[in-house]
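As written, the chains take the letters A, B, C, D and E, and residue 1 is the first residue of each chain.
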Amino acid sequence: MTIASPIGHPQRLAPASDPVLEIKNLSVDYGYDDDPVHVLRQVSLTLGRGEVLGLAGESGCGKSTLAYAATRLLPPPGLITGGEVLFTDRSGVKTDLLRLNDTQLRASRWQDMAIVFQGAMNSLNPVYRIGRQIADGIRAHEPKTSQKEALERAAELLDLVGISPDRLRSYPHELSGGMRQRVMIAMALALDPQVLIMDEPTTALDVVMQRQIVEQIAELRDRLGFSVIFITHDVSLLIEIADRIAIMYAGEIVEDAAALDVYNKPRHPYSSALLHSFPPLRGPRRELIGIPGSPPDLSRLGGGCPFADRCAFAFDACSKVNPELVFPNVPGDDPRRSVACLRHDPAAVRAVGEVPLPVPAELSLS
Amino acid sequence: MTIDTSIVEEGQELEKPSQAPMTGVVAAAEGRRRGKPRKFLFLRNSKAVAGMVILGFFLLIAIIGPWIAPYDPSARSDDILQPPSWEHWFGTTHLGQDVFSQILVGTRGVIVVGFVAGILATAIGVIVGVTAGYIGGLGDETLSVLANVFLVIPQLPLIIIIAGQLPTVGGVTVAVVIAITGWAWGARVLRAQTLSLRRRDFVEAARANGERTWRIITAEILPNLTAIIASGFVGTVAFAVLSLITLSFIGIGNTGEWNWGTVLYQAQSQLALQRGAWWWFVPAGLCIALLGMSLTLINFGIDEFVNPRLRSTGLNARSLRKRGIRPRIGFTPVVREAEETRA
Amino acid sequence: DTSGGGGGTSAKVLTIGMPNGPQQPNQNPLATGSASLSLGYAFAVYESLMQVNEIDPTAAPTPWLADSVEWNADSTQAIITARDGVKWSDGEDFTAEDIAFSIQLRKDNPELNIDFPDQYGDITVDGNKVTVNFTTGQYVNQVKLYKLLIVPEHIWKGEDAVTFSDDDMIGTGPFTLKSFSAQAVTLTPNETYWGGKSKVGELRYDAYNDNAGLTTALTTGEAQWGWTFIPDYESTYIAKDPEHFNQVAGGGFGVDVLYLNNETKPFNNVAFRQALNMVVDHADITKTAGYGVWPEITSVTGLPQPSGDAFISDEYQGKELSVDVDGAKKVLTDAGYTYDGDKLIDPDGEAVSFKLTNPSGWTDYLDALGIIAEGAKSLGAEATVDAIVQDTWFNDTIPFGNFQASLHWTDGGSTPWNLYSNIMDGASYVPLGETANWNFGRYNDDDVTKALATFKSTTDEGERQAALDVVQQHYVEDVPGIVIWSRPAVAQYSTQNYTGFPTSEDPYANPQPTGPQAALILSKLTPSE
Amino acid sequence: MRFFLRRLGFYLITFWAAVTINFFIPRIMPGDPVSALIAKNQGRISPDAAEALRTLFGLDENMSLWDQYVQYWNLLLHGELGTSFAYSAPVADVIAGAIPWTIGLVGIATIISFTLGTLIGSGIGWRRGTWADSLLPISTFFSAVPYFWLALIAISVFSVTLGWFPASGSYDRSLVPSFSWEFISSVIYYGTLPALTIVISSISGWILGMRNMMVTVSSEDYVTVAQAKGVSERTALFGYSARNAILPQVSSFALSLGFIVGGTLVMEIVFSYQGIGYYLFTAVAAKDYPLMQGIFLVITVAVLFANIVADFIYGVLDPRTRQEG
Amino acid sequence: MSPSPSAEPADGDVVLQAVDLQKHFKLRGLNSRDVVHAVDGVNFELRRGRVLALVGESGSGKSTIARLLAQLMPTTGGRILLHGEDAAAKGRRAFRRYVGRVQMIFQDPFGSLNPVHTVRYMLTRSLRIHRGRLRGAALEEALVELLERVQLKPAERYIDKFPHELSGGQRQRVAIARALAADPEVLLADEPISMLDVSIRLGILNLLQDLRDRLHIAILYITHDIASARYFADRTMVMYAGRIVESGDSESVTQDPKHPYTQLLVRSAPDPDDLEARAHGARGEAPSLVKPPSGCRFNPRCPFATELCRTEAPPLLPVGDGREAACWGYSERADRPTLSDITEALA
């Protein structure tokens, strides 16, 4: 697989071993009028089979939008203006989710790809018992299943996430936040999907509960072998649980690499700064820098790198060209990682008539 | 009537979807995020604008109506029961009175009653609602039961009964009666909103900073209720107009002052319907409907202003369809028109 | 005496509409407000002693349940002879006892005696004769006795006549009750009716909620007989089916009069009253405000014609009302009024202005007031129409004299006595601020009072006319009030199913279905081809 | 349970308030009803009768207001509403004759209107940005039209001009009320136009309310989750969106009943429909206090009852209300 | 006990003290005897120029403590001492004096600034309340000074803005500026950074740190992020279900937690540097505060709990240098539970 290979850039990125979901050049606008906000601009992302892919970034950078757009669940006035979302099923057949009609899409949902939303609180229909809500999903895809069978399955699923099956007859408001989140996970697993998208599934929970849920997911993945896209702005959590992390900034992916690589050897100034924004709980107190300024307004992006204003390593070219994802300009890096920074892309800098600067030491740790 | 839905009963403070606790300025901020200027955002709402234009028109008529009326509305002429013509735009009555002039002159009565009732009812509603919401406890319980009682008791029959018994029934009397019976809705909504505002951090912050109670209510809470107060006001005006006209139509509170209800009453008692004099009752009815519609539209505007989810998708259905966009929940449209714009 | 008998009874229904709203199942023909009186079917089931032609009060009454009624000289005793061969619809015989019983009911229950002030003395029966004594002379009230409905003693005895709901309606009349519902009451012919079985196969009394509802029903032919004020009836009603639809006006002495408050400004000045009288455009009022339904008053005496023709004093025979602004102004200036520009200034130096007060919603009255106000304006007086709450008008304005000018009706009756007495009888005079029963304008003239008393009690024709002359003279010269139009009984009917109704050519009875005359009219109806 | 107890308490209070308002209406008005009655009958009522009337209405001057109040309650609780002046019949009978018609007409029309309006509103709210949106301005217009005016127009078009429907009445007058098909079909025929009028002028409120709720609810996560689950469009629409959006509709249904009843009363007058509205109107015009009071009480109780029903339905529909404190 | 005006108070002096603080909320409704035991028997001191962190999971009563200290609600037991004097403010004047010394910052900068007022209005109000009628140039100067103190420079750019025109971090700075207008001795910061983006959290913490150092304000820092407590606070207190379970200097509390709950907390927080030391298999949730568990409130979730823990509530026991933990494991009692490593105990 090629990731948006820029003209004149020689490096090729190695394909993911066995992709289950490939998002290619996905663009999303908000607003149907003449002046839409381009929230996602040609975002590409690949999820390998069985992989946990973390998606991190500041609030408003488009993480949820990406998740919703990939499943075509973006509410109005969201509009997908381009790209592909290729899903590879177990037998290797690829389908572009963006080209399915409603019936096909409906059939594919939950079977192939399930999603757990940001607020579990609001993800459950307040007026139905949770058993029924799980059964609904099952019966929508297996109409032959009787309600009773579906409820039995639901009971098993609850058991799977560690909730006593007699909770089937509870209403959502009778459950605690953690339980609700588990119910959502159980529901997502009902049809044994291959991809699970989780949008901040633990943000509203305490650390202890968060730990419990995260462990549950990890364990289930080991058992069932699905892939996960895990969205959060808690980078340290991602480093723990994700195999690979994609860092988003202002509607674009700025860095995509193995989890520990991101943590130990960030290549993008934003990743680096982000990692230096939270204090460590244990170990030596390290120096914290933080990021000056605040994220840009997506409706007022200029032509250059959106991070340029806040970047310690910005130079003239950064205001002229928006960098694309390229293989980092650091010798010995994992060939599967990519970064969108002009410091790593001398070709693009030259293309606008500027002189490339070398990769600073902070961004070339090894 | 637009019924705000969210607040069912004081006992249940459930997470209700509609209770987007947004206030004018926050909503404006919502607009700004989209890169629009903040000021006059309300006026960017086409519904609100349409409503304001119609209402403005009637307000203008209310002011200048008696001067621009071509005839004395009570003056008889020999053109008896004439259909609309150049001399009499809306035709004439059984006495040869000019219906157009009657409507023009009658606008003032309608508007005055509507606004007086609206202002009074809103004032009562604000006082009761905000007090109840802010003080809480027993006082709150008492006031909200009072409001609820007034809500459940059928208003129009009560208004008819009270107005029917009064020795003199001028427009202002009717307005007062309407206000006395019609404040409860606003009070209820305001109470709920105050209750939620009271728990907001900025109110707590003002308290923690040592602000006086009256200042907290007037400077911190009330400005955040503007949209709701406005919408309550507009709703009450609409209700008052309807009530006044109903009263006039059944011959109560109809003391020779011209208003649209009086015109309808005359038309009905002179059997305009049976005599085929459609011009006699159609214009007044249309005016009522238009005025009511303008008020409803303004309220829509306020609703959409406060609750951005209600805002329209920005384009009308036809142009969306032309672009192949079918806005739906759960099936995001895919339109590849922008495909080539970026390299 | 009737044209009953012979001919077949048609199966068609005669529908009678009344605008009185849905009814409660109360058939009591004596208690005001009962369904049978409200819709009027009491008059098809129960009958009165004599038929009086209200259109022509001078005509002799037609015997009905009474063969005859004889009065003593000072009208304090009536001897009633009961008709023979009449049966109640349950088969019982009708006797003089029933008459006595029915009158006794009125005497015992003042509530039932609202039309005929309680002046009954002893009531005795002797064979088929009933003697009714009165405490005062009843010359002007004779007709009221004739109109009393007679109910069967054997049914009513022991019942509380006021609250009795009389579900079976046993009467002597041409019809019996078939079914009752709040909206409609059906009657079928009385097989054993003494006048012969009616040719009208079925009567249905329909209750409409209001005039508009009834008018619609009349114009669509859904209701075939009724009475209501139909504005512009020619085009609204008759034009819809000119062949069958008719509107007839009866006669009588009922009028509407503009009461002028004789004790307050500006009407305490007789000159101003006279002047106003001279500028009231009766023709316009009749045509515009009354749509020509209420006949115009032309005689200066205020008497409606033709019923009043016989009573107009010689002096005023042929004298007609006309608008004379200049003449009126002259009357005013002669009396010391002056003009400031167009403005009329009274002798005290104040500008003349007054209010014409009536309940809002009484549109014909208000329209008439508007026209009168225009007349006043032509004199330079500032006149405004003040529409007030009906209740205030009833409770406060009218009885206490809290008005300057206001329209009100007068009682009918078979002589002009009620008309004049109601307007100007000193016997009804009470000071301003006290409750007046009539004479709301507080006119008080001893001559008039005496003359009216004489007219009421004397039996001498000449003396009576002489008294009336006095009254008329004062009416014309003092203008205690202004009669604006006569208000005769008006009815609409369709000859679609039945003919034989009173017409303007043959006004044999008050044409309305709600009155004792209904039995008479029903007896004359025959199915149309 | 607590919820229902609270509501019950509230209803009792409201009932008490309605009765008390009722008690005071004739008493706070200038003049007393008996004098009004006497004045209107000009000398036909004897002073004795007047005294009797005063006692009947508890207007006895020798009685303290409190005693009158107690007596009023006493009478009420025994189902005694007094005697109507205008109809000289027990108020209870008058009302009993009228109320089935009003409930039949207004009740059925309102339920139809609510059901239809809610359905249409769901559709419009669900399908935003389609042609259905153009229904909104029309709805706004009709929601602003007074009932009685629409009734006038309906009569003028459908009865007078086209002659399709009768202009007045509740059933064919030639029929005797019975449970025959003929009678019932006549009632339906006569009720069609009034019912249509009520439906048309009240439906917009439901459409608009439901539409707004649908729009709001549709953007809730659980609806998106339903779509993500791939449930059928019908399930997502009715089971998830409308099912939640209807909750506020139900509570506003109860609340707006008073409003609707008020509007339809006047409409009854226009249609000469023999319901409670007509009686209220005549009672007011005739200052028939007992009838007026009785009708107002009955309307209030009916609205209260409808509220209880709506509350109950709400409780059934929304499990959260059943939550223990 | 009030500080003598001559002697400049030194850092570390106790400014505000909570003694046996207790707050029980009455539940509305029929069973009005039920109460929420939101805060029970809490003791601590806030010292001049020092930051005390209060850490605990959601619903453990942290905000309630802050509100009690700000006197936004009455206590149901215990006392609040300001410079050793009972601070229960009676009357408006006393209350104003008190809030002039004890100011509060709220969690949600979106919520704590009234959207209808400009920055200028909010700061002016605060200045007027606490510093009397400032006008004209003096007012302007004070405003600029306040904004610069919270590093909103140049002040003119921010002074006439509405809250929604500011970013989250800027908003929180305005909120802090408003509190500083009173020249407080104590700042109660209720989760001041939890609603902010990761990238700007640090800026606020650094600002607070700066205030502590320059203005010698005593700060109560409430958070559920124990790592930030370590970074910012001098001392840390851990709360569980309305009670303090552990306190001590931040470094040792985070590096060597004593109470099983603190251990669980520390072991549960994600920490990329130490992927192994994670607590696995923890179960259970925070207890109901209406009917809290008898004895130690943590006992239902505690792997070491014994009968003693279920029956008697442990007092805070000294567990080292200036450290305390409310766990029977550190007592001398014979029936005390035996503690071991929580990670192993749970696994």
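Just so we're on the same page, contacts are C-beta pairs under 8 Å (C-beta built on N, C-alpha and C of every residue); 3 or more make two chains touch, one makes a residue touch a chain.
Source: prediction; values computed, not measured.
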> By C-alpha centroids, what is the most central chain here?
Replying inline: B
>> Going by the contact definition above, tell me which chain pair has the most C-beta pairs touching.
In response: B-D
>> Based only on mean CA positions, could you tell me how far subunit B sits from subunit C in angstrom?
In response: 50
>> On a C-alpha centroid basis, what's the spacing between subunit C and subunit D, in Å?
In response: 40
> With chain centres defined as C-alpha means, what is the inter-centre distance between subunit D and subunit E in Å?
Replying inline: 55
> Which positions in subunit D touch two or more other chains at once?
Replying inline: 2, 31, 128-129, 155, 160, 218-220, 224, 226-228, 244, 247, 269, 285, 287, 318, 320
> By residue number and range, which residues of subunit A touch two or more other chains?
Replying inline: 32, 68, 73, 75-76, 102, 105, 122, 126, 173
> Which subunit C residues reach two or more other chains?
Replying inline: 216, 391
> What residues of subunit A sit close enough to touch subunit B in their complex?
Replying inline: 7, 27, 29-33, 35, 37, 41-42, 68-69, 72-82, 98-99, 102, 105, 121-122, 126, 173, 297, 299-300
> Once bound in the complex, which stretches of subunit A touch subunit D?
Replying inline: 32, 68, 71, 73, 75-76, 102, 105-111, 114-115, 117-119, 122-128, 136-137, 140-141, 171, 173-174, 184, 187
> Which residues of subunit D touch subunit B in the complex?
Replying inline: 2-3, 6-7, 10, 13-14, 17-18, 21, 25-26, 29-31, 126-131, 133-134, 140-146, 148-149, 152-153, 155-156, 160, 205, 208-209, 212-213, 215-220, 223-224, 226-228, 236, 241, 244, 247-249, 251-252, 255-259, 261-263, 265-266, 269-270, 280-281, 284-285, 287, 292, 295-296, 299-300, 303-304, 307, 314, 318, 320-321
> Which positions of subunit D touch subunit A when the two form their complex?
Replying inline: 128-129, 218-222, 224-233, 235, 239-240, 243-244, 247, 317-320, 323
> Can you list the subunit C residues touching subunit B in their complex?
Replying inline: 211-212, 215-216, 219, 230-232, 235-236, 288-289, 291, 360-361, 363, 366-367, 370-371, 374, 385-389, 391-392, 396
